[in-house]
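Note that the chains take the letters A, B, C and D in the order they are written out, and that residue 1 is the start of every chain.
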Amino acid sequence: MDIGFIGLGGMGSAMAGNALKAGHAVRVWNRSPGPTKALADQGASVVDTPEQAFAGDAVFSMLADDTALRTVLVDGGLLRQAPKGIVHVNMATISVALAEELTALHAQHGVAYVAAPVLGRPDVAAAGKLNIFAAGPGEAIDRVQPVLDAIGQKTWRVGTTPQHANVLKLAVNFMLASAIETFGEAAAMVSGHGIDQQMFLDLITSTLFPGPVYQGYGKLIVEDRYEPALFKARLGLKDVRLALAAAEAVNTPLPVGSVVRDNLIDAIAHGEGDKDFAVLGKVAARRAGR
Amino acid sequence: MDIGFIGLGGMGSAMAGNALKAGHAVRVWNRSPGPTKALADQGASVVDTPEQAFAGDAVFSMLADDTALRTVLVDGGLLRQAPKGIVHVNMATISVALAEELTALHAQHGVAYVAAPVLGRPDVAAAGKLNIFAAGPGEAIDRVQPVLDAIGQKTWRVGTTPQHANVLKLAVNFMLASAIETFGEAAAMVSGHGIDQQMFLDLITSTLFPGPVYQGYGKLIVEDRYEPALFKARLGLKDVRLALAAAEAVNTPLPVGSVVRDNLIDAIAHGEGDKDFAVLGKVAARRAGR
Amino acid sequence: MDIGFIGLGGMGSAMAGNALKAGHAVRVWNRSPGPTKALADQGASVVDTPEQAFAGDAVFSMLADDTALRTVLVDGGLLRQAPKGIVHVNMATISVALAEELTALHAQHGVAYVAAPVLGRPDVAAAGKLNIFAAGPGEAIDRVQPVLDAIGQKTWRVGTTPQHANVLKLAVNFMLASAIETFGEAAAMVSGHGIDQQMFLDLITSTLFPGPVYQGYGKLIVEDRYEPALFKARLGLKDVRLALAAAEAVNTPLPVGSVVRDNLIDAIAHGEGDKDFAVLGKVAARRAGR
Amino acid sequence: MDIGFIGLGGMGSAMAGNALKAGHAVRVWNRSPGPTKALADQGASVVDTPEQAFAGDAVFSMLADDTALRTVLVDGGLLRQAPKGIVHVNMATISVALAEELTALHAQHGVAYVAAPVLGRPDVAAAGKLNIFAAGPGEAIDRVQPVLDAIGQKTWRVGTTPQHANVLKLAVNFMLASAIETFGEAAAMVSGHGIDQQMFLDLITSTLFPGPVYQGYGKLIVEDRYEPALFKARLGLKDVRLALAAAEAVNTPLPVGSVVRDNLIDAIAHGEGDKDFAVLGKVAARRAGR
């Protein structure tokens, strides 16, 4: 396919790289030029403006947050000049409110809109092993499926309403945050009683709680090792904040989400915003005086 | 082995039955005589007093809670008359405070004390598939290992301090409660946006959250089906309360535990104490007006 | 003085009316024309555009929220055309983030900016008994003091940084929300024990908790009477949300704020968003199954 | 009157002293003999056993907690030997569960039982300015009223069910704890924005929140001065724990109580259990990294 790619942070660069490897023609743009060099070496054509990237069969975007997306896509007028019939696949984790707004805006400008947030950190993205939650018009997803196949290990089609993909992504990240928080509290409790945390982690991952979350983040907590960050606490807070807002939009209290939010703020207040999301375990230990 | 078994509720009966099946001689006692009949049919010898059961190589107990255990074991004078050298294996989920007290009392009366709480509900107990957390003197556990092998699929030796097994059991149950609560909140959020809860459950169990907790309790929440209860909400509250106390004993806040506690009280206030632990999902939905 | 007044809801109309009564010349503007009639009868001159109101010695605004203020003041270009040297007194409860942004914008356009949010509901405003928290350049406040004297019973000068007045207003409203929530929980507890709530309210207001909050909102809870609303639950949620954001901006967890937020969402989910803020007491009772 | 007084801590000594000053004959007993000396100097007759104190027209007790009361009164057999017709006035803050149990036990032993917990710290007790919540048989309260008048500034008769007085005392202390917590959070928020906390305190106590709680505890928080403790954090935690249990007994969630509990545990984990209850403000500041 002939695609554009906008937003080349750690995640975006890895995804664009995998699209190139799969043989797609990729035009790349990034606000700061740094990351384009490596992709050019892999065969990408580097363009100077987002408008130039917004061309071909489809354009993929992976911008940092609502503000960045709004600046480039809406305020910058990108949508107004978009070629009719192009598909825009937005892979970023954004607010549900913006997702709804974008659905309407794309319809208005005749651009097919697919929300396709992903599950996985940069190392997973580099390996092409992301889980992709895709929602939007079926034929639009069909058209971009070859690129999604290059980027992820599996595309979960979660319906035709784009923001549903965003809701699901936020719900999963909320569950992730809560699982880390809960393990952190439990680990603080058992170590307070003089029990080895590693044994506790082995027990739970061998019985009720298998899977990557407890094994991965649990290990960081047990080893009290929060750097380098695979996923930063401050990005975790962003996602929890978006989940709380998405829940509030449908009048749903999220009390565990509130606890996690307060504890992530505690982490940031202690200069730990750039440490790994697992730092919630450190907050739990600190509150217990350890 | 020649053992006694005290406390024949759903869990205790299943465990004693498996000990019989494995060829051990089992003397059984229960406060109310109902459950002894079935075990007698399986070859158990039914005795009239707990003192008679507290004999042989070892005695296993599975009493309902701190009060029942204290009544039978301490106030009833059972320990005072215990044959020297016998091993007492306490498999109930009790408070850490009582576990500490019992360790001292057993030492004083020359009885080897093993705390061996189990992970699993009555159906798992009946299948002999329990996970057992055993702590106490190594040689005492060695002696009763043949019976533990008949009762559980695996015995996790978690040290020589009996109450550590209780702390670990409570920490696991706290994590279980929090996982149910979190899924309940997330499910309320996604369904509020019109997303099918079953799809959400499939997504998470296929990606970040495999394992029996999400699959089992998650399914009950998605199907809004809380009866018959495999594990009752009011027993869940008991365990969360014990976990909060065990954490407080070592000055550890447990804010997610506090949230779960409040929501279980909400369930009980709505007449749902005898419904399944998964009813936390119903509380989350109710708070969202659904 | 010769002033403009923008935004004539229940609060704004009462305030503009008191300015008129004190002999000031008042030009009034409102998005919908309804409320201008009564003020015209009191001697106000009604103007057709906010630009016409933004003239004279000073202009006072009391718009509903951040969005309304941004629409009229910033997007509408009102500031760009503002006469140099005029004072703008913004009396609305807005976010601290917008307050900071407005401070910069006014400076840029040569307009003196005073933030002057008020404490009190429409009945208090009508009586001219508001407490006003005013922050901004001292000479600007001096100039508008005669009007503030007509509107409020007291002006608290809280410094020269405008957003400080907004932070203080939000902090007070957070305390108000928490006090209502706490009394609601306590009242549910005592009535659960069969104790008369009115007696409890008398006890606390006669001893540790005198003052208007407990007497006023407490009475509504005791009488289970939430209509007509003097201050609506959904406006209360707006303020709690702004307080949480203002706290997060300086990395401060606000766990009681989180509890109140969840319970106000619960109220709204049950169709109680337009009932009085005191409806938090009803949420507490409902959660206790009553 | 001819009374006994059992339990001579800071509160008990002050109360017994005021009874003496009012001309009553007072027999005093305390587990450790230290505090009896000063009262002997004031005219009390010191007795060697609680049985000797449990005589005359009435006996007042002010023991530290449930355990102390149970040890002396129930396990020690004091009630069994009590002279028929005597009135026992229990002024301590105890659990509602024990209060219920004591009501039945006293009836069984023919002793009139009055629960009369007090509001106020030792300095207030010394001044005879306590507020007393008295519940029990009306004629029994009538008989001891002269002594209550010597001890307190006002006796609130709160019904004939003794434990109601305890519920009310715990509800008030829960409200006190929540008010301190809330002010602590708000103060952390405003100071994070560079606003003087003393100004904030002046604002709220001059407007919505007059009264001794905000003025007293608020001042300690603003001055960051938590020693000497007028009421220790660990005693505050005891009362909050009792309030949570009293609420749970009638299926009432107490989410703000849960927050306060966690933060008091945080305080104790940081070695602040013997600091003043106001130390909740320090916890709020610490969590904000200050």
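The definition used in the following text is that a contact is a pair of C-beta atoms (placed from the backbone, for glycine too) under 8 Å apart; a residue touches a chain by one contact, two chains touch by 3 or more.
All values reported here derive from a predicted model rather than from experimental measurement.
Of all residue numbers seen at the chain A-chain C contact, over half occur in both copies; the interface is built from largely matching residues. Of all the chains, the one whose CA centre sits at the greatest distance from that of chain C is B. For the pair chain A and chain C, the distance between C-alpha centroids works out to 37 Å. A straight line joining the Cα centres of chain A and chain D is 52 Å long.
Each of the following residues of chain A touches two or more other chains: 247, 251-255, 259, 262-263, 265-266, 269, 287-289. By the touch rule above, chain C contacts chain B in their complex via residues 255, 262, 265-266, 269-271, 287-290. Remark: chain A residues 247-248, 251-255, 258-259, 261-263, 265-266, 268-269 touch chain C in the complex. The residues of chain C lying in touch with chain D in their complex are 96, 119, 131, 133, 156, 158-159, 161, 163-164, 167-168, 171-172, 174-176, 178-179, 181-183, 185-186, 188-190, 192-195, 199-200, 203-204, 207-213, 243, 246-247, 249-257, 259, 262-263, 284, 287-289.
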